[in-house]
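Questions regarding the structure given below will be posed in turn.
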């Protein structure tokens, strides 16, 4: 190392990994655009499957706690995800569950409405584009002349990262807003006082309504629920008051209310606010309160217009919720 | 079909004695207190209820009043002013008047004028019969004495005439009494639409009549045995005397003075003592009014006691005067004796208090007929 | 060990809880499977609590409030009813059998009814067997 | 009502009230002095039928009728009818019910005259006869520490005013504290009562004086001075820590008052575990030292220095109060008076109160029902070793609704008897229970429902009061009539419970003399107005609460307790209090009537 | 917040608890739990020594949390909170486990009961860890009082309070004061004139400077809280008047039952079958006549009409028996020769002088007939010509066991007393609850018959349950005592366990505002958050569960507390 380098502040070692994810989170890191240079200036990416060709064994070779910051995105779906999660936990000082999937299970988490077998059935047999009369399903080991081919074990449940390893921080979002990432990153780099372990960072404590520009009033009584395409949104009044379920009030701010800005109700990717234990339950409770009927029949009728409560209220959070999955 | 209630009946019943049956609120204490009240024949409460509701037929067809010997326990324990004991007494009076077809009984019970009036009338007739009737018929009495120094009583009261009269009286009275008892039987047993009693039962149960008449075991069940004894003593005395006088008059009314141990005199003395003792107890009781049973006295109660006492005393006097040869005294008292005795028998036995000597034992008899009654093929109309 | 269903019950303080107390003071006996949690009003009951109870292994959850119109806080029980209905739709989706989650109205004077309710629910749960909510959460491969 | 023009008065004294202490002649003389009184008829010189009456009304052109006497209401309808027939307004038939102004022993003629005077003037006595006012001393005396007394004291204390609560026994709580459960809700009496007792003890405004008795009362409304005898408790209430060592060591025994003699207590004792004050006391009658001068065991073992002072003497204090609330409660009917039930002769014939203790966990058998059995010495006692009854009979109306004892209904027996049945079944499942009643009086809130419930339980509830209880080979033989079945009902049981009635407490007599408040025929204190003032007396500033005014259940006693307090608080807030009602002389009434029209009068006296 | 140091106390309640729950086992089971400093059991925790035990321990082991497993918190929570306070720790750092009413008294298997007790105690322990100190608060009492209902009880209460120099607003729904009593001719058992009694009272009230009477007025909505209530009333349609008062007395009374529903009685079909109230009208008019204008020769009085019968009302109306006996005297006086039949079920002459009155009545030539008010009601039929009476009553007479027929010309039905039509409205307005029989529920059936669970609201007279005049009057005074007491004190304690908004979390969605039944929540435009008026708040907590952002804290019933209680009850299995 050269002498002028030594008096420079040592650069952080950064790892980014995708578990069961769409890749959007990794892209969100790139979406920092020119800010990416600042990141790279402050940190060396030592492991980042979509960006660098670094093998698992290299990571295994790294000394423990040698990585300063790991952004783990994607849920834990199979033994590989689990293995890497545990590996990175060993090697990393600050492990961050990055994005809704790692945080609460995210969209893949919806698989928890069914089990492994149903998933395979659908994926390898039923899908319209599939022709698999012999009903061949993936196996973890398959012998060939060269030896045995190995595939990671496919778990029955989708799990949020914290159910597999101990997580330091959470950055919610599907994907997280790049601005938020920068904020967090600079905070870490600047060596500022970090919030207590386990907190959600890169998001607000208050929920979305706080930033939402739509006009809100106290009369939130609903006679019928609508799905966004069912009504002509007036683009001004609170979605709820129009009968459209908007997860805004039960979802952390931080995204900049983008969806609502785009005249589509919040879908809750930023997860529950600090006051709420279960992401969907609070919203259900609130929505229930708004139903404008007293006798059971009417109530049922109104509720009929909520087609799929579970999917609606737990779109991003089923594995992280109290029940976690459909009962089997 | 259901029975109609008769509020107005109370006004009639009122005339037969004291007692405020509305005061009864049906706690049942009286019935349970009563040693004589037994399954199937419960009283006083049930009877009070009939009176309260004016259920005439039900009252007329009930034997229970006769099964009550008025020990007074019910009245002394009654939490209200109902006075069940006296109510039963009133019921007995009422029933006597119901059994009597002549309707005289009702008159005697409900009007003192009638009762006393008729007694006096008969008394007068008797006196007339002796003072005018006999002489007119050519009978003249003598004042000379028998060899034993006794009064020649038969010269004054010719035995065959008196005997004939006795028989006549006995037949009239007996006839009335029997007809009443038949009415009683009709109301209690016959009229009962839904039950009938076989002839065999009538025969088999007959002994009860005799037994109860002679021993009065029911009375014995009452708590205080003294009353039973005094009553029985009196009753037996009376009966003996009655039989002797009516049936064996010639043997009884003799001029010959028999030795004291002779059956004739012995029986006489027994009866006398029996009567006296019984009367003493009753009269003192009614005067002291300490005991509940004696607390309330209807005119009829007093009249009867007085007359019987007079009869007994005059009887005794006649006896004494005759033995010690005092003709006039004997004759005078003989008249008085008859003047009291005859109305007493004629009025009291068939129409008034004394009739109970017949009704009571028959009631017991009927009671047992009832218990052995078998249902007829008619629906029973009662919710129990 | 034989299956002893466990019921977590949320009772409002004014009617249901008083009713349950009345069952006690009247010594009306009922199945010991119930665990009562007192809240001031059924309107306070949140889906979160109910889901939590299932997650913790409750075989059944019972919610009791005042009869409609009798709410001590005027209309808390209606709010409870609405939330409950919605929650029910969700729990059914999540594969929790209908009978495991019940909402009943118990007035302060209905000690007897409360006892009967508990017995009845216990009976149904016995016939249904244990709830699988907890077991489906136990993920086999975590301790690898 | 304006002063009526032509009024006539009928003096009515019904046949069926044989006692008639009213000097009608005097009243007639008085009434004649009023110009607008046209005619007066006395009961006996008048034919009481409508025809005659109608004629009289028409003949004399009467438009106002006053019917005066005892229970004139019994004939009111006759008069209204006659008025109606005569084409007059039936509303002008005015009643002067003297029995509303009965002062216990006699009729105060002046008061009756005042009543007449008012009515003749077309005014109501209550409106005219408003006594003058005195300044009031804010302190209040409550006599009796039962639930009614406790309630009254607390009410007043809540208004931040001082209360002296004088209780005869060593603890407050009264009869209710001895009960096991209360009908119809069956919550345990102690559980609901003890908090209140504790509250009384802790409330800074209440000066709790247990083991004390009122000796003399003088003064008048607003300022009574009361001499109180403070019995020597011989244990220092302030220093006693209630550890109970003394009781363990005490060799002397006496029957426990709290358990109604069903158990024994020591000579130094605490009435019951939750007693308030929760301190010990010494009963001079049974204390060996006080009888023989030897022993002092308690003093020796007492951990607190000179807490026990066996030589302490009774002493007296005098307090001044503005209001007095009497809540002396009741005494249970003495079942020995009804020999047919064999109470006192037959060991297992119990009174309801004894049975309450038997049911109670802190009672002689720890809340289990056992028969009375003989110990080695041959005394009949309750032990947990003894057998349990299999058949129990409960007899209602013992001493109540009975002309030979108490004419009145004791109001609570039906319900507590039903309660017993339930509790027995609970403690002795399968036990055979028979209730014998005359009328089932389950009139209160939730009572009928309770009755219905018991009917569904396995209890035989029979209409028909048992007549007698006898001993037959060791068991109790009952004979009664089953009224509805119309059968004689004979039954052999192990235990008989007599549902004894309530009677006015002993001290009622003395107090009525001391306080100058009348008692009604049944011996209970007489309220000033049956309907409008059930808790006030004819004396100003003296009020009644609870069963000393007549048999009552707990809620009604509590309500009365508060009600009595209302008047006291009211007077304190006003700073003024009305004098005795009887204190208003006839002249004053007459003056007022003459001087004032109704409205002015109202204004002046509100 | 300092580490919790919890003291756990298990009560035997004599044998009430210890009989069915192994208190020792419970104590040992919880001894070892985290944060539990000491665990003890004692015979009577509620007794003075029991409380002292807690107080001593708190000082000795400087406990900062207390759990007592005993009876229902509804009975003794206050007792123990006070004890904690005495020992210097905040009363809300206390939690109670109900192991008697909801455990030992309702179970028969000792082990099961014991396990349950353990679960409950553990739950309490888990919960109490998260309890936070709350401060008692007081509000001043407005000395004015609102009284709803101008019947005898309402009037009495009004005078009682007004005579103490305090303002009273008396609201009556009908057009005159006096209530039911005004409809009566005589009162039992002294047969005094009801009119002479009520008239002066009404006059007094009318002329009382401290009482303002509002006739033909109904209370639709009451806002505010104990000590400071508000309502707007419009006197017969006029513009609304705003009233402010510190206490409310409900004395809305009851109304007569309509016997049309009882087919047996043919009420309305037969014009001479009338209710007791219609009969009172006749009495006041002076003539007792049938529709044919004749005097009835036979009058029957049927008790328990609509009472004591599950088909109509199960409860007893408490006054009918005596009223019926009263009628006997009245009919007898007017119609000396008429036959009177008293058709009753049980004669309930329970009050002072009632039994004597009953005895007196039996002397008035009357026939008592007993029927079974549950199983078989008498049937009123048209009579034939031959019967020479208008109607025939057919019934099974119980005391004689006879089925009988009774000739009658007029039948008086002693109708039951039932709730007013507008009772729900009143209940809603003043925030009290109704029992199954539609009577107002008192705070405690024994020891607090006139107060309700809502502070500052009292119920008196028949709306709390049927009762006669003296009992109603006594209740009226009882309520007056409470109110005067409160007025004398000047202030009263108010709800502590209210809701409050965590402004850091509130996003201002305003869901909560519409939810609050007491209008206690409002929106703060500047800070864009909701705020709770903690005086108006009655602590129902429904806003807490409505808040999607979890920003509303229902004090003493926070999510955390309840969730840990849930964990607690489940932890042992």
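For the reader, a short list of remarks on this structure follows.
The letters A, B, C, D and E name the chains in turn, as written, and every chain counts its residues from 1.
To be clear about the criterion, a residue touches a chain if its C-beta (ideal position, glycine included) is under 8 Å from a C-beta of that chain, and two chains touch if they have at least 3 such contacts.
Every value quoted in this text rests on a predicted model; they were computed, and no experiment measured them.
Shared contact partners of subunit A and subunit D, listed by label: C, E. Common neighbours of subunit B and subunit C (chains touching each): D, E.
With centres computed from CA atoms alone, E is the chain lying nearest the middle of all the protein shown.
Look at the CA centroids: the one farthest from the centroid of subunit A belongs to B.
The leading chain pair by number of C-beta pairs in contact is D-E. Averaging C-alpha coordinates per chain places the centre of subunit A 115 Å away from that of subunit B.
Per-chain CA centroids place subunit A at a distance of 54 Å from subunit E. Averaged C-alpha coordinates give centres for subunit D and subunit E that are 25 Å from one another. Subunit C and subunit E, compared by their mean Cα positions, are separated by 28 Å.
In subunit D, the positions touching at least two other chains are 185, 187-188, 401, 403, 439, 446, 463, 483-484, 486.
The residues of subunit E that reach two or more other chains are 347, 359, 363, 399, 401, 435, 515, 542, 545-546, 559, 563, listed in rising order. With touch defined as above, residues shared between interfaces to two or more other chains in subunit B number as follows: 25-26, 46, 80-81, 384. Pairs of chains meeting the touch criterion: A-C, A-E, B-D, B-E, C-D, C-E, D-E. Against subunit A, the residues of subunit C that register as touching in their complex are 46-48, 51-52, 54-55, 68, 75, 78-79, 81-87, 89-90, 93-96, 131-133, 136-137, 139-142, 144.
On subunit B, the positions that touch subunit D within their shared complex are 25-33, 37-39, 42, 45-46, 77, 79-81, 384.
By the touch criterion given at the top, residues 205-210, 216-221, 238, 240, 248-250, 253, 272-277, 282-283, 285-286, 289-290 of subunit A touch subunit E in their complex.
Only residues 13-16, 43-44, 46-49, 51, 71, 75-76, 78-79, 82, 156, 160-166, 185-187, 189-193, 195-197, 199-201, 203-204, 207-210, 283-288, 308, 310, 314-316, 318, 329-331, 333-334, 336, 346-356, 359-360, 363, 398-399, 401, 435, 439, 444-450, 464-465, 469-471, 473-482, 484-489 of subunit E touch subunit D when the two sit together in their complex.
Across the interface of their complex, subunit E is touched by residues 6, 8, 13-15, 17-18, 20-21, 23-25, 27-30, 32, 35-41, 43-46, 48-49, 52-53, 56-58, 66, 69-76, 79, 83, 107-110, 115 of subunit C.
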